[in-house]
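What follows is chain A paired twice: with chain B in the first complex and chain C in the second.
Moving on to the complex of A and B:
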């Protein structure tokens, strides 16, 4: 049985369609990342699952039961907001205990204390318990917000860009911690983000959402290597996939200014968008010349920005490779690494 | 070599000077003059000023009128501000929840606040008039024995209070509404997901997050009600024992009786009381605000 199932969910705000026929299923211990650019409908999707929005059409099923019209309280799932949304003027302890004081949860005071301790220990915020929520740093606030979600042991976690408001270092740290936490709690997670690193590093499965539609579903590796659309290709990976407009001239792809790019199959389309990852660009052995415009040092690798046949192409090479700005090279990309989208 | 501070000093004085001169002329001088005259037998018209020592102050503390006005003003501030706060907050809550024609309702509610208190006093004089007022006509039409709102000794104070509440409740509502709108929706949504009871949401989220701004509104209204003058003047005049407030008493003493020295002593005592009250209150608001800022 899947923990969550969306069937043909659509939602519009006035004339704007936020979600269009979204289908999605999340397994009982699965960590699913919904990846999409700003305005793709990610937050609306989460709010619909949480019950804060009711879909215009379609069905929301939780653990086999139709929950499309049940209230957020009845769904027993937790939502962590991007802006933390802690209860102001209360201590961390009070914030953590708040969900446990809800009607119908009748927990003994001792049990509430235990649960709060447990969550605080798990998130390493024990020393913050008696601090007022407003005196915390961003990272601490987000831990408390997550703590407030886990204390009541919900059936499903929904996370709305929980790391977006944090600085880069903390983001990397929490990414690892939260992935591990989800595994330990054995609770499914739907995690929404626009950050490709989060999708690649955390997800069991990635759902690519563009303009309210699910464009592709698969493992991070599948989406990285075989993106279904140029948009998915650009959303995943840093630097993102190169996308170059080409024309076929017999057995050769030609770049915008007519320079040869590489071999084309005889059954390939006349006009196409070629996609290839920066790490698949070699800096020698190609059919035409390119100019090095920028060299970026990123530690283990270097990103070389090339002006090649009227197009801009990123190449990722090992740091040991010797390359300098204004140098002329003959780059090449193997045919098996090129994705072809007919134009 | 001269330092920057030295070179710019003349400019600084030129910039600050006019304001300083105005402050001295209109704030410091009157204050000092007032304190000085409170120790004299100064009269509004003619007469030599003569020092009388603390005699004026002795009179203030023995004066029945002063004690009465003080008690009446305190009662007025307490009742008016409490009623306005409760009604205004309730109105804001129901308006925020979404009322059909919200904009129109808001506009209508704001009208009393925008009119001059003197006009309001005259208007209510007509409405509450014992013989031909709308209210009493309606009441006698319904078979009641209509009260004399503005002339009955026991009633006129409360009539003025009623007018004040009618005028200033919209002000409280407006500020409360701003406070309510400043609470992020996601906090309510988090509470909804956490299954919080509505009453708990109100006491744990709405109230504490609105408290600082409500406290500020109460401060505004309290200082304003403390100097209640125009409504009383318009409805009953300054020399009515049943409605005399500190401000109208002061007016009566200085401008009708002409006792400048005694009036000055009155106003010095009032000043001390107001400063004490304001200090206590701002401390309280400071504490509220440091406690309940958005997390």
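Moving on to the complex of A and C:
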């Protein structure tokens, strides 16, 4: 059984369609990342699942039951936002206990205390329990906000860019911690983000959402290697996939200024957008010359920004490769690493 | 020769908190400097003192040979680029970008040509005649960046200008900023918490924590030769693996052990005793014959490679793996450490030993 199933969900705000015919299914222990740029409809999607928006058309099913018109409380879902919503004057302990004190939840005091301890331990915030929320750092606040979601032991977590407002280092640490936590809790997660690293490293499956439509669903590796559209290609990978306009001249692709890029199949389109990953650009053996504009040292690898045939191309090479700014070289990309979108 | 110099610069807030504790820094003409550190490390306060938006408690700032420590902000010839933009709603995108040039008395044709050129580089050409309210947040931020970089002052100061942009846009903006800076050779001080941005942009990275400068160096140097545990952990994503262990002299080499496992032989000689063994994920490889055994806690696919987070007897260790070689969570695997990647630190002081 699916934990969550969306069937043909559409939602408009006035004339603007926020979601168009969205279909989505999430398995009982699955971690699904919805990836898309700002304005793609990601937050509307989560709010629709949570019951904070009602779809104009379509169905929201939770564990087999139609919940399209159920109240948010009846859905037993937890939603974590980008902005950590805590009670600033209350302690961490009080903040964690609060969701368990809601009317209708008749938990014994002992049970509440146990759950608070359990959540604090999982999120490594035990030492903060008696501190007021306003005295916490951003990373600590987001841990508490997530703690407030898990104490209820909901049957589904919805996470709306929960790491966006944190420092890069904390983001990196929490990516790892929260992915492991989700596995331990054995609870499905729908995680919304525009961040490529989160989608690639956390997801069992990625749902690419652009302009309110699902354009691709697959494992991170499938989307990384075979993005369905140039937009998906650009949203994944750091640096993202190179996209270069080319014209076919017999058996050769030509770059914008006419320089040769490499071999083209005889049945290839006349005009195309070629997509290729930076790690698949070799720095020698190519058919024409490129100029090194910038060399960036990104730890284990070096990113080389090339001006090649009137286009800007990023290459990622091992940090042991010697390359300098203003150097001229002849880059090459093997045909099997090129995706072709006819224009 | 130093173009912008900070000498023993310090800032203590009225409540007695020391935000910046005696920062010395010398910036050459045309140099790109990135102040890197976590929230509250003093990087933004340092930047604001250079800008003249905060008055130092003590110390000196000199710019092009002139002391400016207490000079009003407006007299410093400094261009400031913030994360939070405010565009003039009644002006078009082109007029917004050209506005600083208009204030500087640049003739209309010239400043409009400059605005068009900047817009082209940022792929904003189609929006030149639009008003800001018709733009998406990301587009507004790019217009703000173009406007902030339209004028070429003595120094550019940038405070996390890419903070709220989508990740996919951020890489392009990094390239734009770096290209502008290289073309015009305006010395730049850039503040960020994002080590990747720092690595991409900087001629030299200044790593800060607790109001102090911990290390200054080229990105590849700070990455490969961290001077302290803090820098080892903070720089790199993920940071350096840091394993509590012991060093023992053995037949002219140093044998490094942890939790009873002989991890690696290291040609560097250090005193015997407790050490922290630092090694970056790319120097730890999955290896069935590896001495270090552990269980895979997480296999994080990154596109061109993957990071295996492995729980071993010596704690969590992250290894670099091939993109096409996934591991199952819970799988027992061996790891081997490349001795050339080993860095040793004092376990008490956190300073570098070898």
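For this structure, a couple of remarks:
Throughout what follows, the second predicted complex is superposed on the first by the 342 of 343 C-alpha atoms of A that agree within 3 Å, B and C clash if a C-alpha of one lies under 4 Å from a C-alpha of the other, contacts with A are read in each partner's own complex, and residues count from 1 in each chain.
Everything below uses one rule, namely that a residue touches a chain if its C-beta (ideal position, glycine included) is under 8 Å from a C-beta of that chain, and two chains touch if they have at least 3 such contacts.
For clarity, every value in this text was computed on a predicted model and none was experimentally measured.
Aligning the two structures on chain A places chain B and chain C side by side, free of any clash.
When the two structures are aligned on the shared chain, A:190 is found in touch with neither chain B nor chain C.
For the combined model, the angle formed at the CA centre of chain A by lines to the CA centres of chain B and chain C equals 80 degrees after rounding to the nearest 10. Of the two partner chains placed by superposition, only chain B is touched by A:89; chain C is not.
In the overlay built on the shared chain, the residue A:306 is in contact with neither chain B nor chain C.
Within the superposed three-chain model, A:104 lies in touch with chain B and out of touch with chain C [touch as defined at top]. When the two complexes are overlaid on their common chain A, residue A:22 makes contact with neither chain B nor chain C. Once chain A of one complex is fitted onto chain A of the other, the partner contacts of A:148 are limited to chain B, with no touch recorded for chain C. In the superposition on chain A, A:67 contacts neither chain B nor chain C. Ranking chain B and chain C by residues of chain A touched puts C first.
Taking every C-alpha atom of chain B against every C-alpha atom of chain C, the smallest gap after superposition is 10 Å. Contact residues on chain A toward chain C in their complex (touch as defined above): 37-39, 137-138, 167-169, 172, 175-176, 179-180, 183, 194-197, 200-202, 220-221, 224, 234-240, 277-279, 293-294, 296-301, 303, 305, 312, 316, 319.
Only residues 50-52, 71-73, 77-79, 81, 83-90, 98-99, 101-105, 132-134, 136, 141, 148, 152 of chain A touch chain B when the two sit together in their complex.
Chain B makes touch with chain A in their complex at residues 184, 186-187, 189-197, 200, 204-205, 208-209, 291-295.
The touching residues of chain C, counted against chain A in their complex, run 38-40, 136-138, 166-168, 171, 175, 178-179, 182, 193-197, 199-201, 218-220, 223, 234-239, 280-282, 297-298, 300-305, 307, 309, 320, 323, 329.
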